[in-house]
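My structure is below; once you've seen it, I'll send some questions.
Order as written gives the chain letters A, B, C and D; numbering starts at 1 within each chain.
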Amino acid sequence: MSGNTFGTLFAVTNFGESHGPAIGCVIDGCPPGMELSEADIQGDLDRRRPGTSRHVTQRNEPDAVQILSGVYEGKTTGTPIALLIQNTDQRSKDYGQIAQQFRPGHADFTYWKKYGIRDPRGGGRSSARLTAPMVAAGAVAKKWLAEKYGMVFRGCMTQIGEIAIPFESWDHVPANPFFAPMADVSELEAYMDRLRKAGDSCGARIRVTAGNVPIGLGEPLFDKLDAEIAYAMMGINAVKAVEIGAGFESITQRGTTHGDSITPTGFVTNNAGGILGGISSGQDLEVSIAIKPTSSIISPRQSIDIHNNPVEVVTKGRHDPCVGIRATPIAEAMLALVVMEHVLRNRAQCGDVQTQAEKPESASPQASFL
Amino acid sequence: MSGNTFGTLFAVTNFGESHGPAIGCVIDGCPPGMELSEADIQGDLDRRRPGTSRHVTQRNEPDAVQILSGVYEGKTTGTPIALLIQNTDQRSKDYGQIAQQFRPGHADFTYWKKYGIRDPRGGGRSSARLTAPMVAAGAVAKKWLAEKYGMVFRGCMTQIGEIAIPFESWDHVPANPFFAPMADVSELEAYMDRLRKAGDSCGARIRVTAGNVPIGLGEPLFDKLDAEIAYAMMGINAVKAVEIGAGFESITQRGTTHGDSITPTGFVTNNAGGILGGISSGQDLEVSIAIKPTSSIISPRQSIDIHNNPVEVVTKGRHDPCVGIRATPIAEAMLALVVMEHVLRNRAQCGDVQTQAEKPESASPQASFL
Amino acid sequence: MSGNTFGTLFAVTNFGESHGPAIGCVIDGCPPGMELSEADIQGDLDRRRPGTSRHVTQRNEPDAVQILSGVYEGKTTGTPIALLIQNTDQRSKDYGQIAQQFRPGHADFTYWKKYGIRDPRGGGRSSARLTAPMVAAGAVAKKWLAEKYGMVFRGCMTQIGEIAIPFESWDHVPANPFFAPMADVSELEAYMDRLRKAGDSCGARIRVTAGNVPIGLGEPLFDKLDAEIAYAMMGINAVKAVEIGAGFESITQRGTTHGDSITPTGFVTNNAGGILGGISSGQDLEVSIAIKPTSSIISPRQSIDIHNNPVEVVTKGRHDPCVGIRATPIAEAMLALVVMEHVLRNRAQCGDVQTQAEKPESASPQASFL
Amino acid sequence: MSGNTFGTLFAVTNFGESHGPAIGCVIDGCPPGMELSEADIQGDLDRRRPGTSRHVTQRNEPDAVQILSGVYEGKTTGTPIALLIQNTDQRSKDYGQIAQQFRPGHADFTYWKKYGIRDPRGGGRSSARLTAPMVAAGAVAKKWLAEKYGMVFRGCMTQIGEIAIPFESWDHVPANPFFAPMADVSELEAYMDRLRKAGDSCGARIRVTAGNVPIGLGEPLFDKLDAEIAYAMMGINAVKAVEIGAGFESITQRGTTHGDSITPTGFVTNNAGGILGGISSGQDLEVSIAIKPTSSIISPRQSIDIHNNPVEVVTKGRHDPCVGIRATPIAEAMLALVVMEHVLRNRAQCGDVQTQAEKPESASPQASFL
């Protein structure tokens, strides 16, 4: 309720600050009996981890996850799974001056005004470091959804600053530090090098998808699957826009082209992004998000201090020149968490989704649409 | 939890179907002691009402609201406010064939697959008619926020199909059926007439804003104010994308320009759309949404029936050729509901927001930023 | 969240006041496909209805329920079921003076202090009349649980004032106005007649049970099934105590006798009241509640008015001399709502409860315990 | 939602198992700006700690709490407060056989049936050890409520087995291991020694109260303050019954005596237990609970194993012969958590409770009732 728990049936409560002793989360509601170990979670954490290329922050955190509860003899017990990640490379001395000033584009001002106090070390609670526990929780959701439905979650960068990134193949994504679906990323690297030298930052666009989606996920009227995805994505640090399917392009489309035709073997197009009336249709979920340029830059900015005096702010410390670069595994995780929640909700009200294909009324089994 | 309640502290539970006897909602959590009558609500309902121009559905519904509870001697008592709107102009015979077929782009397919049953009369629960109770609830929230903070919620259409609509003045918005902020809408009318004759539909872009916003609304990590707005907007029928502030434009911005500079008298720009780190900064909230073209069109579409046979679907009945036309008051209402919820949340944890300006730590009172 | 919604997955939002135009509720989350009509609900409402004997309030309300939504062609659609009950026999003139005074033992004082305003007509929102929508919602839950699991909910009065009521048979319960499980209630009638003549009121004890309970309902640590039942029961007007199983008697029991022994064919005793560690064991749920004497009595009482002046309060109007008399169907309904909620929760996390007997690990099928 | 989070605005998410590496909780929603250190929490933890007398389990746990987040420079920041308690004295070898058997009166059977898996080490998740994080969270709530309203939470044992414990003075409670409000506890010690030698256990009754209670806490219809207290108390391990105020005694009371008279200087009696219509009246909250005898006893019991074979169960390990002995600080903590939640809820809807005395309508300021 105070905004640090994501989900209700698969509820992830996040805690910690960038430079506190540890960060982590508690997952409540995980189905029992699934095999789970730290190794199942560490892979996605490593994809998000800082310090892995010269294009991201040089903070060196192993982000090693520890399972504190909820697993017995290698299997989930249905009780809360507490995940702990120690902070090891805090350098709070870098942030001394920041405690008295508000960085433009940053949460400094609003945290101060809301709470009358804020932890300025590394951005405190507003740091993107707090996405790490979500990536961990998302890995748990992904594993269950993969085992139960064969679901696949994938993401990639489709634009960085002015550079649109063509989709060549999912295979390229793990091979470069940008999560770009293209073979040759030298242009992106050169672009980022120039930007870093200029002491500036840029935005990015990320695409994230889910495949083998069960039909029937999402609730009218408000907890529509697309509404929940929009909530999850817009809650990621620095996200300023979210599209489902055709997104803004749908404004200029005609009803005769936008509405995806249906045939006995499946949908012909996917302008809907896999969601009709707020409920999953079995098509791939298609989501696109805009990430703003990093606020923490070394170029001087005009601002005020906590006494309302004008100041010039220069943000030192170690920051990502494009926070979008590490956003791909985060967006995947958030999408997985939304889907997981709605799988559980759906079987609460409607029974297990897998059995829908066998309903006598349903002559067109779900499988034919996947 | 099953998706028909919006909000938690100011919780609006929506019920009804397009062609049932009545629709309505129950508002739980309204602060006590506010003067409230049907007249305070009817105004916004009339703005959303069908049948008011040739460019929207010709269904004739007075949408007269009745307060069933929660008001005593003209004042709210703090107990649930039940609002009832009778349906008077259902013509369910128009929808006979639809019961066996899935309209492309419509919720028919997914409701059927999820629930194994659906009410096909007028779209049943998935009809945009169910936004009427939200407009009613939003009017209650708007009234309280206006009285307490002087808040102002405004919306307008900024694009319809291919036609971008320039912003001339808020004053023009009530004077035309499009909620367009321009004096001469004859081009829009001609465009819509052509579209209707072609049996087709188009999308639209709507902008919605809030002024005199208290600082400090929104919760980390997940119930960020922008995340909640995205959830609210994407939950409106036919919305496919949501932007806050600079939105997708932020991808190509630089950190040196995107981050809004701060001076002792306020922010210089508003790329943030009034939200930093998920918390309101006191600047105007700025939201933009994309609405897809109406799915219910008279042009024939390829689809299947409930037995998976191919069919050609032609949607008769009375429909809006651009559902975006009536979306403006809906988007305003949803924004007001989000803000109302977060005002109550904020004072639960942090005490009354109005007193923040008086905190000794806060040398720059909120007022200077508004 | 503001306390007028019961349950989360099977969520019942209650609205209305004793003397407003109507009362009712919205049920969100009902599984789709169940046959449902007003007749399925009216039976329990009639059991709770006022005016049916000289021992209860003479207010004459038919309590006829109308289904406004959520049912199509006689079946639930999975969307909200709105239930409306018109108030027809309000006599608000009876309550004029009460608006300025606080009746001892009544909610007058606390509503006034909390909200700064209250609807005094018939107790307004605090009237036991608001249990009628819960009885209606409970009837929906009972029907689904009966069809799916063969569950049976029963209640009876076990004490009224000083008179302990022996359990003879469930068959007697419908045959007398006290819901007493005994054949001859003449002693109870004489007792109540004396009390009414004396202008006084008394308390009662009600027992409520559930049979054919699925194993596995209830969540650790907090939403234990017994904790949820205690919450539901204590929320009924005038309830001051709740026991599960052996209840207060367990204080003097020994561990060697309290802990119910288990054999391959089932439990030997039921001190647990059907719940172990907060989770249903498959035994009957056994609950007992204490209901305080009616606060609204004709005998003069010492109190204050809203200006803190001492006054003597005499409550006219039509009241139940023992509110416990009509409490049995209410307690049954609340128990059914708790069970319904937890059946849905359980299948969200653990899959359908019916399939547990078939798990290979579970050599002792659930059926052997029922 | 899956039952491991208590509260909504002051939400405490509990995790851990009796013999896992650590237990703990995350508090979300704590108001910012309160001074808080481990020392503020450790005191109540020490009161609940095992191994402090021969009458409780000899497990030796320091229960040293560590604050992982949410506090900066000694003050709460409004972000989640994670509390960690290491388990140090697990001896899981004591529990080998138990993994295959169901102890009568214990959660073994139901956890196994619900989840298909359970952690048998020390009772796993169902162990009363998991009340430690709640005592820690309760200490945070108590501190805030004491500083803001001068609230005082107190509890004592009023009965153990057959022995009723007279109330002499609150001063005696800290001076004996039973939390008994009497000077000479030698009879209780002898009673417990006999019981322990007999390999048996007994129940207890605990009274818990709150003083300086703000008026107006609690929500109609369902989240009544008494309903929430009942939920909180019944959720404590081994609790089988809850009373508010006169409790079961109210059955035989008359309306003329039960309803507490009001005078300009306050209430005359407190049969209501401080709650009218579900809302706090400003009088002391008075709660009484029944705790069943410990299920884990050394005397042999008849039961079954997981293959449904009959077995004789003897529970070795280290257990409390009366779990009620350490229940007092737990019950206090749960009461404080309920009150804290409702203080925040109340100021969300009605504004700060402290200001109610100043409302012009309220001629009788709250203070005169305390």
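To be clear about the criterion, a residue touches a chain if its C-beta (ideal position, glycine included) is under 8 Å from a C-beta of that chain, and two chains touch if they have at least 3 such contacts.
Owing to the predicted nature of the structure, the values given are computational and were not obtained by experimental measurement.
Interface comparison, A-D versus C-D: the higher number of contacting C-beta pairs is recorded for C-D. Ranked by separation of Cα centres from subunit C, the top chain is A.
Rounded to whole angstrom, the centroid-to-centroid distance between subunit A and subunit D, based on C-alpha atoms, equals 38 Å.
The mean-CA centres of subunit A and subunit C are about 44 angstrom from one another, to the nearest whole unit. Put simply, the C-alpha centre of subunit C and that of subunit D have 26 angstrom between them. Residues of subunit B in contact with two or more other chains: 1-5, 8-9, 14, 29, 32, 78-79, 114-117, 125, 220, 345, 349-350. Residues of subunit C touching subunit A in their complex: 1, 8-9, 29-32, 78-79, 220, 344-345, 347-352. Those residues of subunit A that touch subunit B in the shared complex are 1-6, 8, 14, 102-117, 125-126, 130, 159, 161-162, 200-205, 215-216, 218-224, 226-235, 239-248, 250-256, 258-264, 268, 271-273, 275-282, 290-295, 297, 299, 301-304, 306-310, 345-346, 349-350, 356, 359, 361-364, 366. Those residues of subunit D lying in contact with subunit A across their complex are 1-5, 8-9, 11, 13-17, 20-24, 26, 28-29, 32-33, 66, 68-70, 72, 75-82, 114-119, 121, 124-125.
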